[in-house]
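See the structures that follow.
The two complexes that follow have chain A in common; it is paired with chain B in the first and with chain C in the second.
Moving on to the complex of A and B:
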């Protein structure tokens, strides 16, 4: 018995790829990693999970020997990352967030370059290249310039280059960012094959749904390790606390607000027509059952998700009432149609980015634009908010043609870009003043609105700080405040929550839900499938064409099959894109 | 909501934003304020067209009095640091080849004899052609010294005295009198070019340009709000240079200050148009800075600041007419030294106005083109 356990420990030690012992790292006053202890095993996919700024990249760079820890030590395959730095470079393959691909070289030239940098024997290259190209399914694109590849293809090429020297430990820094679900599926398949060969693969991510696919996770928040182990172990702790109010329908935003304001509910999101809630530890589902009865809907228990566990570890999500929406008066519009486009087409040279797209968005609707990378989703979005001129067709915002009545249309829309485009050089107050001024608010209104925004979003303590120095959540509030300064009836959100932690994302959607309830029309593009669930309707674009337009539930239903009776939004996405591709090929 | 194509409220908000962006950004502050001061110091005190501190080699084959006299005079000449005395012709060439001396003087055997006989003594000068400009100036200095001797030797031969050259406007040919007014134009050019070329590119990097484009603001408003800070800062820098020319270097200012100020403003406006065009096509601030230099440096070289426009091939002379600096230099140099009459200033002022109109219009088109 004793001997047995010794062998097990030894085995485990022999199987350990990376040992992290009491690692501390700070940059100036910023503590990036605190007292971190963890192990990473061979033959296993380990997720390095946490929101932006959690310390994921710092830990990655320490493991590849690019950064030295301030205290503690890290060994990879028994080699210390500081003392045996040269060995580390041979043992590890590292794919940074933006892999160093040479955009002006072709796929093949990039691979040859990386092979030479690794001083590999040219004779064996062709064989290896063929294998890697086959593995990454890039075989038919060898002569294409790396700069012309889509986001997903770039990641795959990056992976191929990182795999060149057959590393024992492969470190992937947020490989899923900006990659659509179809390409992401491909990446998962490749990583699976690698771990099966015995490689240790570390996949860092801010998407919590990606964490669930990992065999083991290291959950980081603000430089501290919150959890280490299989994700199921963490979600198991939440068992029996997750519920869904089924088919709530049009009232779901109100129901979510009410649910979140209940003391027993720690977290809640919209899932299609339903509302999903997580109860606080030890809370009884009585109150939520009462809410379900009141709304005359069914309450069912659902399996816990990793995200639930994460939010729970952080002490629950924000409340359900949006102070912002409370202050708004309901939007009055002349017609029920807030945004519409007719045969919208955009060509760049001989490339068609958006092909004959037509749809209407109703007042007070949350409307999602989804699609794989390069499907024309952002081109369409930009034409709808007046950033691009359509080649043909027309786009209207609250009845104003964007081509003819540009000023009138533009003063009726609000826009919040990815990475919250704020003036980093101006202070918070100056940013607010600028947006008020550029939307032509007169002196008295301007002062009133600015004070109101400061009050609503709790910005009073930060007025003289620059946006760059603000915590992410506050930065997002400021961006939202700036885009809503002129009370637009239509709000455009371009990937509003990429790289934002789930709590901040919840707070953001609380405001958006509140705005929608007041009749503000929301247009949103996103890569997060759980955000698509918040939408009333989703338009799916693929290869420049509109391939589907329906409610999230209907789209999911369409993907249901014998082997997958309850598909997720991601399944629906992949199903729709693949079906459209097949149809297009059949026609060709 | 009123949505006219022009709104003072919007313009004011954007103008404040632009000024704050320049003043609150340490990088912009560096780009805008450090080069002027550095350039002022460098150009005013270090960069000089005079020849000083050179070495000269002398190969003297003559043992007469006149050659000794000549060498003594060279020895005491200010501009020569060291006089290498050598005794064979080969070394003469070696020293020039190695760049150790800029010029070498070979005095023939019959030098003193010819002078004694009433002829003019002839000495050969070899000059390093690689440094042609300084070389020529050195030859001129050497000739002056030799001519002085000639005059001494033959005091009554008036014919030998060279024609007396009197330089008008700058009698002592003080090079600062010539450089500092020109610098006014160059500094205003670079500051205005850099501020404007960074302005749109910076916003594009931040993503705020899209934010601006979705707002009801019109393209002319964007152009105006981005022109004003450059105009203000460029004008201030120009005035700073002009006043340091007058008060620090004591250069006589003889023209009309008002006309100069008008020209300065028009000049900066034409540069602002160029800067905004660069900015509209640049994706990053780095590209914008490179673009600004790619336009700025050739402008200075071709403007007539260092080399006369008349010496260029005809088609380049045509091109120089499109460079705002060419016209501004004529005005600023004329205002300082020549008391240029208003009529002549106007002759250079209207091309500036035309260039400003063209570049600003093109900038508007370029920015609007972003919304294709």
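Moving on to the complex of A and C:
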């Protein structure tokens, strides 16, 4: 017995790829990592999980020898990242956040560059290249410039470059950001194959559904390790605290608000027609049962998710009432249709970005626009808010034709761009004043609205700060305040929560739900499948065409099969895109 | 676990050893190749390297002229006498002044104020009387526009010259002067500013390519995140930096050759020295130019900031303080001291010499030494600033 356990520990040690010991790292006054201890094993996919600013990238850079820790030490394959820095660059493959590709070089040229930088023997390159191209399914794109690849293809090429010379440890920094579920699934498959061969793979992510798929996770928040181990272990602690109110239907936003305002509920989200809630530690489900009875719906216990555990570790999500929506008077529109498009088409040269798309969005609806990278979401979205002129077809916002009355239409819509698009050199107050000014509000109204926004979004303490210095949550509130300054009946949100931590996203959706209840129409594009669940209806685009338009539940139902009776939104997405692709190929 | 010992055969000691080699020609070659492809595919690079020089040279050849020719001056003829008429005729006979005659000075005063004339000469009423009275001293008044100091000087000197020549002509009877002064301008006999400007313009072009372009392309790598990826490979800082600079060095030299050909064959600027000397001078000037670009990019890791810094520390000094446009000897002592730190100063001086005078090594050697020394300082600071990590 003794001998056996010794072998096991030795094996364990031999199998350790990365050892992180008491690592501290700060940049000026900002503490990026503190007292971090962790191990990473070979042959395993390790998730480095945490919200923005948790210290994930800093830790990645330390492990690749690009940054030196201020205190503590890190060894990779037994080599110290500081003392044996050169060896680290040989042993590790690293894919930085933007994939590290040269956009004006072709796929093949990028691969050759990285192969030569890793001193690979030219004689074996052909074989390896063929293998990597096959592995990444990039074989037919070797002469295409990297800048012309879609997000998913760029990511696969980045991976191929990081895999040159077979590193022992592969470090991927947020490979899933801005990548659609189909490409992401491809990436999972590749990483799985690599870990099966014995490689240690570290995948950093802010997406908690990605964390759930890792064999082991390091959960970081504000530079500290909250949890280390298999994600199931953390999720198991939450067992028995997750419930779903089934088929709430039209009342679900109200029910969610009420549920989140209950003291026993720590977190809640909308899932299609249902409402999913997580109870606080030790709380009894009596109150939530009462709420279910009141709404006359069934309450069922559901398995806990990693995201539940994460939110719980951080002390629960925000309350359910949006102070913003409370103040808003209900929106009155002449008709029930807030946004509509007929045969909307956009061509760039001989490339069709949006092909004959037709749909209507009803007043007060939360309408999602989903699709793989390059499917034409952004193009369609930009035409609907007047930023792009359609090649043919019509688009209307609250009755104004976007081709003829662009100005009138624009004054009736609010737009919040990706990454918030705030003016970094202006103060918070100046940003608010600018957006009030740009929508030509009367002087008195302007002051009134600005004061109202400051009050509603709790910005009073930050008025002279610059947006860049604000915590993420406040930044998002400010961006939302700016886009709502002129009280638009229609709000366009372009990937509003990309790279935002789950708690901030909860707060954001609380406001969006509140706005929708007041009759504001919301158009949103997103890569987060759980956000698609908040939508009343989802339009799915693929290869420039509208391939599905329905409620999230109906889309999920459509993907159900014998082997998968209860598909997720992500399953539905992949199913729809793949079916459409097959049909298109069959027709061709 | 899938396997207890990770991937047999991968990354054996030999692979690590080869990765550890500090300087590897294969990696350097790959980096140079990559950079060349990028430079060739980026239209803005080629624009800066080959179109900009042509535009600059054309500009300096035709649009900018420091020569004083056909300057409009007024001649106020207050005296009706024959001698006065003769003097006035002497003024109208020159090709450097564009004279026109009036009889009342009030007419030209307004023209001087409005800038229609740059000066005027008054031949007073008592001109003949004074001439006969004093015997030799004709009295004329010369008024010039002091807001254009160079032109004012020129008008004054030229007007004096005309008067003196005319005066000399009066004394034909007098014994000829013992010494006759006949001015000659060496190196640029026609005193054409184009000949002095065009060689200097090559220095400006080289500064743009060496400093601005280099600062931009390195900053671009930081901005796009490719620097991070390349730094994470076994490539060393020296390889990455040399791989970056070599293609731009070649580009700079090609651009110099092009500009020199243009200067000689299109703008008739003679190349008195040898081509080899010109290339040597250019090659050595690339050292401080590239070093400065590299230093800027290691301080500013975004293209906008890098362009601004390159403009203010590279382009503008090369333009204003190198002696290209404004003569260094005419600058105040404090500014003159600053010009000693500007590498373009030594290059402009050398270029003018090699084009207009010839291979004069007494001029080149100190200039080459100064450029190399400034370049070395830039490189040492840049190397320290670009460590192989991201802090």
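Side notes on the structure shown:
The definition used in the following text is that the second predicted complex is superposed on the first by the 585 of 588 C-alpha atoms of A that agree within 3 Å, B and C clash if a C-alpha of one lies under 4 Å from a C-alpha of the other, contacts with A are read in each partner's own complex, and residues count from 1 in each chain.
To be clear about the criterion, a contact is a pair of C-beta atoms (placed from the backbone, for glycine too) under 8 Å apart; a residue touches a chain by one contact, two chains touch by 3 or more.
The structure displayed is predicted, hence computed values, not measured ones.
Under the clash rule set out above, the superposition-derived model of chain A with chain B and chain C contains a clash between the two partners.
After overlaying the two complexes on the shared chain, residue contacts for A:112 are found with chain C alone; chain B is out of touch. When the shared chain is aligned, chain C comes close enough to touch A:92, but chain B does not. Legend: residue contacts after superposition of the two complexes on their common chain; A:15 is shown touching chain C, with no touch to chain B. Contacts of A:421 after superposition: chain B is touched, whereas chain C is not reached.
Of the two partner chains placed by superposition, only chain C is touched by A:43; chain B is not. By the touch criterion defined above, A:61 reaches chain C but does not reach chain B. Set against each other, chain B and chain C differ in how many residues of chain A they touch, and the higher count belongs to C. Contact with chain C, but none with chain B, is seen for A:199 once the two complexes are overlaid on the shared chain. Within the superposed three-chain model, A:388 lies in touch with chain B and out of touch with chain C [touch as defined at top]. Put simply, chain A touches chain B in their complex at residues 385-389, 406-408, 410-413, 415, 417-419, 421-426, 430, 433-434, 436-442, 483, 486, 492. Those residues of chain C whose C-beta lies close enough to touch chain A in the complex are 1-7, 10-11, 15-16, 18-21, 24, 26-27, 29-31, 33-34, 37-38, 41-42, 224-226, 228-235, 388-391. The residues of chain A lying in touch with chain C in their complex are 11, 14-15, 17, 27, 41-44, 61, 64-68, 77, 85-87, 89-92, 94-105, 109, 112-114, 116-119, 158, 161-162, 165-168, 195-200.
If you check the complex, the residues on chain B that touch chain A are 1-5, 7, 9-10, 12-14, 16-17, 20-21, 24-25, 206-208, 210-218, 371-372.
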